[in-house]
Structures are given as structure tokens and as C-alpha cells.
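In the two complexes that follow, chain A is the common piece, with chain B as its partner first and chain C second.
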Partner chain A sequence: MATREPETGWHGEQSDVNHLRGRAFEATCLALTAFGLVSVLLLLLFVAKDAFRPLSADTGWLATYAATVLVPLAALGVYYYRLDEPAGEVAYVTSGLPVVGLLLTGGFAVLFIELLSVLEWFALLISLAVAGGLIVAHGRLRSKAALERLAVMFLAPILTVFGLPPTEFNWFVTDAAAALGLDFGLYYRVISLREAIMLLPFVPTDWAMLLLTLVLPVAGAAGWFVGQRRDSRRDSLAVVGITTVFAVLGVVAGPLLGIGTDIWLLLITFAILPLGVYVEGVVRRGEGVRGLAFPVIAVLGVAVGSVVTGVLGFAGPESWLDWGFLTSATSRTAADAGIYPAMVGSVMMIIVIVLTTFPVGVGAAIYLEEYAPSTGLMGKFVTLIEINIGNLAGVPSVVYGLLGLALFIRILNWPQGSVIVAGLAVGLLILPIVIISAQEAIRSVPDSLRQASYGMGATRWQTIRQVVLPEAIPGILTGTILALGRAIGETAPLLMIGAAASVRLAPNSFFDVASMMPRQIFTWSSELDPAFRHGVLAAGVVTLLAVLLVMNATAIVIRNRYQRTG
Partner chain B sequence: MTENEMTSNESTESTSTAEAAASSPDPSGDPLVEQSIDVEGTNETTGTTGKPVIESRDLNVFYGETQALQDVNLAIPEKQVTAMIGPSGCGKSTFLRCINRMNDLIDAARVEGDLYFEGKNVYDDDVDPVALRRRIGMVFQHPNPFPKSIYDNVAYGLQIQNQTENLDEKVETALKRAALWDEVKDQLDKSALDLSGGQQQRLCIARAIAVDPDVILMDEPASALDPIATSKIEDLIEELAEEYTVVIVTHNMQQAARISDKTAVFLTGGELVEFDDTDKIFENPDSQRVEDYITGKFG
Partner chain C sequence: MTDSPTGGLSRRRFLAGSGSLGALALAGCVQNTRRDGDGSDSSGSDGGSGSDGSSGQVIIKGSSTVFPISDTMAEEFMSEHDGVNVTVDSTGSGGGFKNWFCPGDSDINGASRPITDGEIEQCSSNNVEPVEFEIAGDALTVAVNNDADWVDCLTFEELRQIWSEGGVTNWSDVRDEWPDMEIERYGPASTSGTFDYFNENVVGEDTKHTTEYQPTEEDETIVQGIRDNKGGMGYFGFAYYKSNSEAVKAVEIKNGDGGECTPPSLANAKDGSYPLARPLYIYVAESALQDESVYEFVKFYLEQAETDVVQEIGYVPSSPEQRDKNLEKLAEIAG
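Let's look at the complex of A and B:
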């Protein structure tokens, strides 16, 4: 038995435990964290100052808005934080919903202006709905024929949206026809329902088509949701009814107010309907009603501020980032330059990425997690693949650009710098990230749930479809949205595949040459005029960051909701 | 309160019977080789009971290099409660998971020998484990309801098996049989995760019996529950045995003594040491090792 020296104690000055190194380490970590956060914050403030130039405004203007908007809102914020937390949440949602709604409205407006007419949208949606109807009808009539249903599920949408391809590409039909001694002619084909609708001599007006294919489905979904929540048919009918009345009123009154009917319908669908349903729910529950004051005071404050500054003649800031910047193309003069075509290019690129990368990435993740063998030679091979997916996530983005250049432009001969090439190249770049995050999400579904499902006699497909995926989807979505945030800011692949340095017109199809936001910003950075390099550039950066912020906020909201219920 | 008292009374009572059973030693100590079970003989000794519905013959299970079960021969009678007891790692859960081929889900597991369910070897090539599991339900050690509503949990098995006629009725029947209906009838839309542990486990039993299987396997169904919830589950198991064959794995010897008609004792190394009527096992076991285990001298 070793005996201790009598002078080493365990209390007071004589304690023989030394905390010095631990404390020093903690302080160092804190200092490093603070340094990182402060430098990022400074950078953002610097860019925002360049973009908005708040100091170019009259002092009176700044003081007015501070008094009417900032001070009341700050006071309310403190009140919510200290005394009324549910109201704080209500204030947060009621301020956030309109912003997201307006962004969606803007997105759909751009869609209808640049990509497809309302008629094309209408035809597409109706044909998809008919395809869905066919699938459901088949399921009802022949519920046992699983293989047949698979074929229907694939073929119905293709037939209604694309029709049969020209017989030149349709070997089966051509051969069968030739065997029967028929000649359809080289380009004979069955047109799809979509194309048939497009050829109709009489079509409903734009607003009627939008009402049918956008407003009513969204209102129906909202009504169904409300009905489920409250267990009341009356309430869900009320949601649909009130939305329709508002929509029709807007169609009648919109032109008088100077708002286009299309925009009005989009606003109703994406901004007013969700906000209305939420506010009604808050009022009914009676919890956090005071939170509704926040957006009201914000709007009132802006209104009062604009009247006061108008009357007193205070001039606002000469901000680079204004409505004109968001809605016009780049120009030779800095004052007229805008980011609109590049923004459309970025949005279309994101559409390509979502449509291609999401299914491929999630499919790969499901295979690797749920189906792939983990033992034997195949198991080793799968492990090798997984390691290499991890490696691919670290490959420099310029290499993916080179891959896109070689594969899509040199081999497939697609137009250089087109939206589709940009989307596919950047999509390849984020594919490993999507796979890895989807794998994480699937792996986090407890194994006991799979066991329970298998124990009930569920097949692997039923288990994945009904137990694993519903649990994993929020995690998968979060990871994918964060990956999309990375995609929207990538510049190097765009340079490699020859995205346009700057374009005056937004792309109208996926094969058009386009510029994207980061590419446009890069162009501005090398302009001679310092107004471009400081002001316009900063405005572009702030726009890009705002889009990123909204995407990441969406991911965070999804994740929080998931954690609350899960 | 009354419920509480009742439970404690009941458990002290059963403890004393178990002690009484354990304190009547039988010093026969036959060699273990002769303890391996003669299927036909077992049936004769328990003449009043049902015909065997599950029979294993020379069943061996390996996890990689480790042997988890050694030449297990066992016949489980119909519409009775058969308990499997033994120390941790003795293979009793492994045996249970062999019956509905849940071991297939473990890549490293390898099964040798035969296991018959209603006269058909479940390890034959033409047996689909999915179809087998639809006849043999399972309840797990930790309550594992799906993160769906109570209703959807019970309806899950019916939906995946396309038995969606009279769904509401079937869900209600299953919940009533699992003695849960009165507690949840007004909140069928609520998430199953909001229920207490004991309620969750009864929900899992309701989920298993909703599809009307022939056999229900239970892997230590009460080990994660408090005494009150445990006694409810035990009452339920005894009721279920009127219609179903129940096979239950348990660590708790009093529980086996209370609820089972037959008891199988597995000891270390995955060997089945003794299988007989529960009374016989607890009062007068043939094997010295079983007696040592039951009296707490070993394991």
C-alpha cells in the first residue's frame, strides 16, 4: 500500500488537482470561436453597407424610419422575449410566411414569364392529373397485378405528357406495323394529351386555367389539412370557398388596382392563403395572439415612415440593391445594371439539379443502406464504393466543371454554357453530398422499427416505403437543401462549362445559354468601373446570400419540426 | 391504488409459489445427454394439451464462428403458453427468432437443421419468410410502435397484407383483445409515441394480433416495463393463449412459473437442457443444472 505525502491535500490551497491547462484551453477555444464569428459578421456588414449605402440617405430619413419601424419592432421583440414567448413564435411565423410566400410568387411569376405560358402549364398539369387518375383507376380495378401497375405507373405519365415518340425511334411499333404490312410514315406518332390540349381551338382564359390548376388544388390541400387538424368538414370547405371568392374578387378588382390577374392569383395561393390559415388558427387557439402585432406594426411603420419622409422631403439612400437591380439585366452603366437574367439562370439550374440529383442521390442512398450486402466479397465492394463516394465529396469543384465540359459538351454536343449543362455539372458536384446526407438520415431510423415491420410480415419494399422513408424524409430534405445551397454558389464549374459572362435576356429553355448569379458576380468583379466592383458586386453578393439564407432557413425549419414530432 | 395493491399481492404470491417450487430438490442428476427432448414422449406426458405446432430437430445456429444453439429438439404445443428461460446469451432469443426467420435479417447468422411449422420445414427453399411472418407474429423486448397514429399502428399489418375491408372494425377488435381499447378509444388519431411504455407494449401486441396470426412470439415483452404494466401484460398473455399459440422468452423465472404451461430451460452454450410442463420444471426438474439455475445457485 502506497501512502500519501501528508502535505498533499484535497481542499483549499493544497489541492493537488491542476485546472490551469484546462482553463487555458477553454479560453483559447472561446477566443478562436469569437474571432471567426466576428470576422464573418464584419464581412457581411461591409458587403451590406456597400450594397445598400445607408449613409447616403438624409439623416432625417434614417431618423424617421428608425422611429417608425426599428424602435417599435425592437421594443416588441424585447417584450416577446421577456414576457410572451408563444407570441414571439407567432410573430416569427407571421413575418416569415409572407416573405416565403412572396418569394414563391416571384418564382412562379418568373416561371410563367420566362419558361412556359399559362396554357403550357395548364396542359402539363392536366395531363399529369389524368396520368395520376389512370394509375389510381388501374389500382382500383386490378389491385393484385403489381407488375402491371408498375408498367402503368411509368407509361401513363409518359403517354399523357410526351405521347409516343416518332416511329423512327419506336422500333417496336415500326416493326409490328411493318409485319402487318402497314406504313405509318417515318414521323407518324401519337400525340400526347398535353399536346392535344395545346392544339385546342378554344382554351379558357389564363386566369381560369390558373384557378383550376393552381389556386384550387392548393386551396384543396390547405382545406384538407385544416379539416384533418380540426376534424371538421365545414372548416375545410370554408377554406376552399373563401379562397375561391378572394381569387374571383381579385380577378375582377385586380386590373383596377393595377395588379395583373396572374400575379394576384399567385399572391392568393402562396402568400395570403397560408397566412390566413395560420392567423385564423392562432386567433382560434387564443395563444400568442399578441404576436400578430409584429407584422402589423412593421407594415404600419413603413407606411407612416414613407408618408413622413415624403412630406418632409427627406431623400432615401441611393442603394445599389433595389427593385430595378432585381428586375433588369446587366448593363454597361453601373446604375442600370441588374441581376434578373442571372437569377433566372440560377433558378433554372436549381430546377435541373433537383430533378436529376435528388432522385439519383436518394436512390443510391436507399440502395446502399437498405439493400446492399454487408458481408462477403460484395460487401467489400460496397464498402469500397462508400469510401469513394466520400472521396468524391472532396474533389475540387473545378474538376467537376472539367468533367461536365468533357461529358456534356464534347461528347454529347449540348450547347456550351446552357442551363442543362450547368445544372448537370453542378448536380454531379453535389451528388456525393446528397448521397451521404441521405444515407445518414436513413441510418438514423431506429432498427427496431424495421424489425417491427419485418416481424409483421412486411416485405422489404413495404418496410422502406411505409416505415423507413417517412421517418427519413425530413433528414433527407434538410441535407439536400443544404447541398443545394452549396450548388447555387458554385462558380468554378460554371467557368469551365462556359456559362455566359453576362446575358441581357433570361433563358427561355433549358438548352439556352445562360448566366448564373455567381458567374455574373465574377464578371462584375473584373469590370473597370469601380462602381461595378464595389456597388453592383456587393448588391449581387447580398442577393445571392439572401437566397442562400432563405434556403438554409427552410432546411432548419424542416429539421426543427422533425425533431419536435420525432 | 387498488390496482397497485392487487399487483403487489399477486407478485408476492407467485414469488412464494416459485420459491416453494424451487425448494423441493430432486437429486436425480441424470446425465445431460439423456435430457435432450424426445418429441413424441413429451406429447404423451402432456396428453391433454394440443398437438405440436412448431417442432425443431437438431437445430444449430451460428453467428459467424460462434455457435448460438446446439442441437435443439423441441416441440411447442398449440394454444398454450410456452416459456423459454435461461441465463443471458444462452440462445433462447435466437431460438425464438429462428421460428419466424428473423435471423435471416442478420447477415452473419447461419442456421442448420430443421424447424417445422405445421409440418412444413420453414427453412425449405420454397418458403417465403415474409409469408411465414404473416402467420407468426412477434412482440419485441422494447416497445417499438411506429411513429404513426395509434390507429395506423394497428392497421399497418392489415394494410400491408391488403386486408382492408372493415378496417375500423378489425382495429377495434384487436385493441379490445389487447385490453387497450378503453384507454385509447378517444385518441386513435394521437401518436402512438405519446402512450406510456406499458400501453405501447400492449399496442404492439394489438398490432401483432390484428392480422390474426397462428403463433405469437414474445421476446421478453415485459422486461422494460414496471410491475403494474408487467402484470397487465401477463394477464393478457394468459387470455391470448386461449386462441393463439404463445411462445415467450423471459429472464424472469417467476413470470415463467406464473403464466406458462410448458417451460424450456436453455443453459450456456445454446443447449436445451430440459423441456417439460412448467410445474415439473419448477418443482421437480430432472437435471441438476436446471435445479441449480432455478434455485439461483448458477447463472
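Let's look at the complex of A and C:
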């Protein structure tokens, strides 16, 4: 009978313990991290210096602003950090909200200038609202007819937004109408509600339409939010009421102040309303009220600074990145060159990508993770597909550009260099990334949740919709927005699909020829005049980086938000 | 129940939301097709050339040498004509013909050499009839590094030695007194008209253009390459030399043994004394000229090509006679 020797030692007892290797490894990792961060920081500083040229300003100008803005804000920052952390968060939000609000205002202003008239927006929203109403009404009246409701859900928006395509019957109707002297000029088809609204001889003025379809819905949502939080119907009505009063006041007073009524309404909706609700909440809670000083001092400091520099005659920096750069088209002279059309092009391209890639990518990910067979021959096939999606994520972007060229321009005959072609080509490029990140997010939902859901008698569809998706959404959104960040910086596919080197008009529709920011930056890199390569180029890069940072910040905010509530 | 993450979200709302979103997405597209289709439903589908009547669009591709001229014309024209979108791209003369102009995807192609028979064939097989206009002159400039003090003037024969296939590798191979240093060659890619011109007129038919060089579509890269390498050498349009005249040194060119060393300049290109002077062209698709925007733009282009605008960029403007000839040709074809 074998007896086991009692174990006296432990594994590794014989070897010497030496901390040196571990320390050396740690130090190496630290050095590598620092190297990466510092070199990126230096690069950014270098580009920013070229873009803003702070050294071209008078010393007096720099000193004035340092004294009126930088020093007080830095002091406040230190104070918040050391003594009053909640106030720090309030300061952070109250400074950030107006910036995001102004960006949104700018975005909608561009939307109304380039893409849609206010009337078109109005007609579209009213039609969608009617479609929504139809669906809700159907649900109330015939709550058991699931299949019928599905049909209503698809048909109602189509009917209200698009109308019916030409058919024999419509020819007959239109001919009959024409015989009676009624000419709709409408291609022999049944028109939609949207088109009908646009044909109305009398429509509300622009500001009234904006008030109805933008200000009031947003104010209503804010009011609902406030009402929910405070459990008070009065407060939510107050939010809507005050917003409306301000909006109407602005419409009356705006022309006196030199602000267009449309811009005023957008400002109210996106900048003032959220800020007001937040500030009111802070004051009511009484926590971190001191944080409100931060934006006030910032604005005051800038105002005082501009007065002082104006009086003393200090010249500011001759920055390449200024208002003119953001609002004008590229030019042969560096001083006049701007990025506006390319920026609009990029944003519209991103819209195309979001509308196409997100549903396709997330849908594919849900199928692959939740429905696709994992065993047998079909399971092997699915594995093969998944491997190839991974491979597609690594295919060089030029190849996607060529694919876009062949598919959309040569076969489908869509206009070369147009927003839709660019969006679809770049969308294809990030589709595998979206699928993979969405798959990862769905996979990370614990199986126990699914089993519990099934155990309670839920169907697969109910489980996916109510258990899996809500858990996975933050991950899906984060992955998608990071992929969009890559999409907005892609240049090679744009070159392949013929995005032109110089485009001076912003696209008015998705089928218009457009330039995008990286394409425009590439053009500037090879201009004759060195001022383009050093100044304008840097300004373009900073703009692109700013857009990217805003997108990534959005990703982080969305993720945190869902994680908190979810 | 209220704790459930989606307690408030019913299937109805979910579908309604996604349905509306989809409708919104589609609505964006419909807007466009309608606007695009306005009055040009028939021509919209066949050409895909962007020359549809109402769109007011002119698409220019082609030579990087002509690009600065076309881009300036586009900017000037657009400041006078609201709503006409003139887009300019630099693809190289050959690249422009082959990939965009002859397939019918662009209205105008800039070229720093005449169109070849093969290209005419490709165009006509797609029912594109190119119309040639000579719009400016260029002095093709050969440049070396600023520190290359040994070389001031090169003959055609020496250029041929340097740039032909299997030619010399070091400066000392060209002339014995020159340093024993490798020649670093930078030049335009073979899709470029400048390459074609140089290949035909300098390298000649007996040998081929060397492949031992850094080809690029961006003239800026050539300048940088020469600037950073003492043994560097390259060639490009005069405009690029003009805006980089401090970064690199232009070499005088001697035609044959009897000729004189002539520096590249617009004056020398104009009076014909500079041997590497060459004409620049734009080619317009005959069918595109039926479009009012294209016609107006080409007319503007041809008129302005005679003015100082061209000279400021760094090219020889076309002569008044040339301009009149061009305008006559345009009127004849469009009329």
C-alpha cells in the first residue's frame, strides 16, 4: 500500500523570487504608455498651433485673456476639485450643455439651409405624426389583430409620406381631374399627406411651423421628463408654457436683436431649454450651486477681455480656424478657404451610414447570436460566415472604395462622388465592425437572463426584445459610434468613388456630388501655396478631430446613461 | 415590474418607432429623387454623367498640371453663377480619360498632352466625342536640389540618359566632373500627361522611360523629394516650380549641341525658345456641351484663358488668336 508523502513545500519553492523582472516590465509598460500619449499630445499641440497660430497675437491680447478668462477659471477649477466636488460636476455640465446645444442648433440650421425647407420638415413631421396616430388608433380598436397591425405599421407611414405609385387607376383619376380643370401636376398617382401639405395654397409661416413641429414636441418631452421626476403635472406644464412664451417673445423681439426667428427657435429648443431645466434643478436641489459660477465667469471674462483688447487695440491671433473657415467653401487663396461644404458632406454621409449600416449590422448580429443554428452542417456554415465577417473587417479601405465604384457607380449608375455612394461605400467598410461589436455586446448578456426569461414563459422574440437588447444596447451603441468615428475619417474609398478634389457647393440632397472633410484635407495637402499645407490643412484637421471628439463623447454619454438606468 | 429595464416599451411602440425611423430614412431619399428628377427624367438614367439639364453641374477630371487653372476657373465662374456646381478633380490626364471621361462620367478632362488614338477609340465606343481646346502653355521644368551646385544646364541627350530605362545611375556617369552620387529620380506617375509628354519628347521612341523612380500623382511630393535629397532630380509643370522656387533649383535646358541653355520661364515658353514648352488642353464631351451649364462654363473658361489669371497661376495664357479660334469652334459645335 502506497503511502503518499506529505507535501512539505509549495510550487515554486525552489526558485528564487526576484522582483526585478516584474518591476522592469512595469516600468517598460509605463514608458510605452507615456511615449504613446506624449507623442499623440505633441502631434495635437503641433496641429493646433498651426491651426490657431496663438503666437501671432499681440502679447497684450494673450495677457488680457489670460487674466480675464484663464486665471479665474483655473482658480475656480482648483476650488471645485479640492473643496466642492458636486459644484465641479455642475460646472462641467453647465459649460458642456450650451456647447452641445449650440452644435445641435448649428446642425439643424444647416439642415434647414441645405437639405429641407421648413415647409418640407413640417409636412414630413405632420405626416409621420398622422401615421403614428393611425397605428395607435388601430391598436386601440383592434387590439387582437396582430398581423393586421403589422401591415398598418408599414403601410401607414408609406401612405402618409410617399403616396401610391402610378397605376392605371390613378391615370384615370388624374385624367378625370384634368378634364374638370383641376391640375395637380402630380405624375398620375395618389399623393401622400406630406405632398398634399406642401401643395396647400396657404401654409403657416416658418416660425409657426417650427414652433409646432420642433419647439413644442421638444418642450413637451422636457416637460414630461420634469413631471416624471417631480411627480408634478404643474411643473411639466410650466416647462412647456415658459418655453412657448420665450419662443414667441423671441419671434417678436428677435428681429430687433438681429437674430433670425428660425435661429432663435432652434436656440430655445436645443440650448436654452435644456440648460434652463438643468439649472432650475440644481437651484432647487441646492447642491453644487457654486458650480453655476463657472460658465458665468467664462462668459464675463470673454466679454471683459474683448472690451479691454478692443479699447487698448491689441490684435488677436490670425487664426486659420475661424468663423469664416467654418462657413465658406474652399478657395484658391488660402485666406478665403473654408471647409463648410465638406463638413455638410461628411455629416450627410454619416446620416446615410447610420440609417443603413446600423439596422443591417445590428440585425445581422442579432440573427447570428440568437437565431442562427450552432450545430450540424448549418452551424458549420454559420461559423464560416462569422469567420469571414472577421476577415472583411480587415480588408483595406481602398478595396471597399473599388467595390463602391463598381457596384454603385458602374452598375447602378448613381452619380459618382455623391453623398449616397460615399455613405454606402464607407458604410460597407464599417459594417463588419458594427456586426462584430454588436455580436460581442449581445454575447456578453448572461445566458442566465435568457433562461430566466424562457422560464417565465416568454417567447424568443419577447426575450430578445425585453431582456437581451436592453442589456446589450450600450455595448452596441458604443461599438457603432466608434465605428462611425472611423468612417468619418476614411479617405481612400472617397478617392475611389470619385469624390472631387474641390467642391464648392454643399450638397442639397443625398444624390448630390459632395466632398467630405478628409477628402478636402487631402486636396489641401497638395496645393501649390504652402499656406494651404501648413495653415488651412491644420485647421481642417482640427475641425475633423473636433467632430470626432464630439462623436466619441456622445458614445460615452450614451453608454453611461444606459448603464445607469439599465 | 417598473424596475424592468423596458417596462414601458411595448411591442407596439417598438415597431411604431422603428417603422417611423425607417420611413424617415426613406423620406430623405425620396426628397432627392424628386428633386433630381425635376424635368430630366429621361436623361437621368442613361448617362450618369451628371450633365443633366437642371442639375447645373460640371464635372472636371484630368491632368494635375491643368488642375490649378480649372480650379481657378471653377471658383471664378461659381462666384458669378449661383447654383452651378463645378467640381474639379486631379486624376492625371490618362487616368481622367480612361476612368472618367471616356466612360461618360465627366464632362471635361484636362490634359497636358493631346489625346491618344486609343483614348479616342475608347471614348467613341461609349458615344463620347471629345472636343479639343488648347487653353494654355506650360514650361515643363526639370529641377534639382538647391545644393546641387554642379549642374546648371542639361542637354536633351543628358536628360535622355538619366531618364531612360537602364540608363545611368550616378551623376558622375553623366559628366565625369560631377560627383559620384546616386541620382534620386522623382516624377509623375504613368497616368500623368506630363509623364507622357516627357516620355515622348525627351526620352524618345527608341528607349523606354525608366521605372527606377518615385512615381506620384501629386507634384508636391516630387518637390519634397528633390528638396530633401541632395542627389534628387525631377520634373513637373512650371506652376509648381513657381510656387516652390526657393525649395528647388530649376535646370536650364539645351536643345541639341547647337542650342543655348535656356531657363524655364513663361516668357521663354511663349516665344518658343524654351525647348520643353508644351501646350495644355481641355477636352469637352460634345454631348455635355448641350447642357447649358457646361456650355457657359466652357465659354467662360476659353475667354478667361487669355487673361492674366492664367499667368498668375504660373502658365502661359493662350493668345488672342487662339482664344478666338477656340470660341469659334465652341460656337460651331454647340450651335
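Some notes on this structure:
Rule of thumb we're sticking to: the second predicted complex is superposed on the first by the 525 of 566 C-alpha atoms of A that agree within 3 Å, B and C clash if a C-alpha of one lies under 4 Å from a C-alpha of the other, contacts with A are read in each partner's own complex, and residues count from 1 in each chain.
The rule is simple: a residue touches a chain if its C-beta (ideal position, glycine included) is under 8 Å from a C-beta of that chain, and two chains touch if they have at least 3 such contacts.
Note that the structure is predicted; figures quoted are calculated from it, not measured.
When both complexes are overlaid on chain A, the residue A:T375 reaches chain B alone and has no touch with chain C. Of the two partner chains placed by the overlay, neither chain B nor chain C lies in contact with A:T327.
Contacts of A:A458 after superposition on the shared chain: chain B is touched, whereas chain C is not. By the touch criterion defined above, A:N391 lies against neither chain B nor chain C after alignment on the C-alpha atoms of chain A. In the superposition on chain A, contact is made by A:S448 with chain B only, not with chain C.
Legend: residue contacts after superposition of the two complexes on their common chain; A:E471 is shown touching both chain B and chain C. More residues of chain A lie in contact with C than with the other chain of the pair chain B and chain C.
Residues 466, 471, 565-566 of chain A lie at the contact with chain B in one complex and at the contact with chain C in the other.
Residues 115-116, 120, 124, 128, 131-132, 135-136, 139, 149-150, 153-154, 156-158, 161-162, 194, 331-332, 351, 355-356, 359, 409-410, 413-417, 420, 465-466, 470-471, 498, 500-505, 508-513, 515, 525-530, 533, 565-566 of chain A are the ones touching chain C in the complex. Here chain B touches chain A in the complex through residues 100, 102, 105, 107-108, 130-135, 137-138, 140, 142, 144-147, 156-157, 159-162, 191, 204, 207-208, 211, going by the rule given at the top. Those residues of chain C whose C-beta lies close enough to touch chain A in the complex are 4-6, 9, 11-12, 14-16, 19-20, 22-33, 35-36, 45, 48, 50, 57, 59-61, 67-68, 71-72, 74-75, 78, 83, 85-90, 100, 103, 105, 218-221, 239-240, 242-244, 313-314.
Partner chain B is touched in their complex by these residues of chain A: 143, 373-375, 379, 446, 448-459, 462, 466-467, 471, 565-566.
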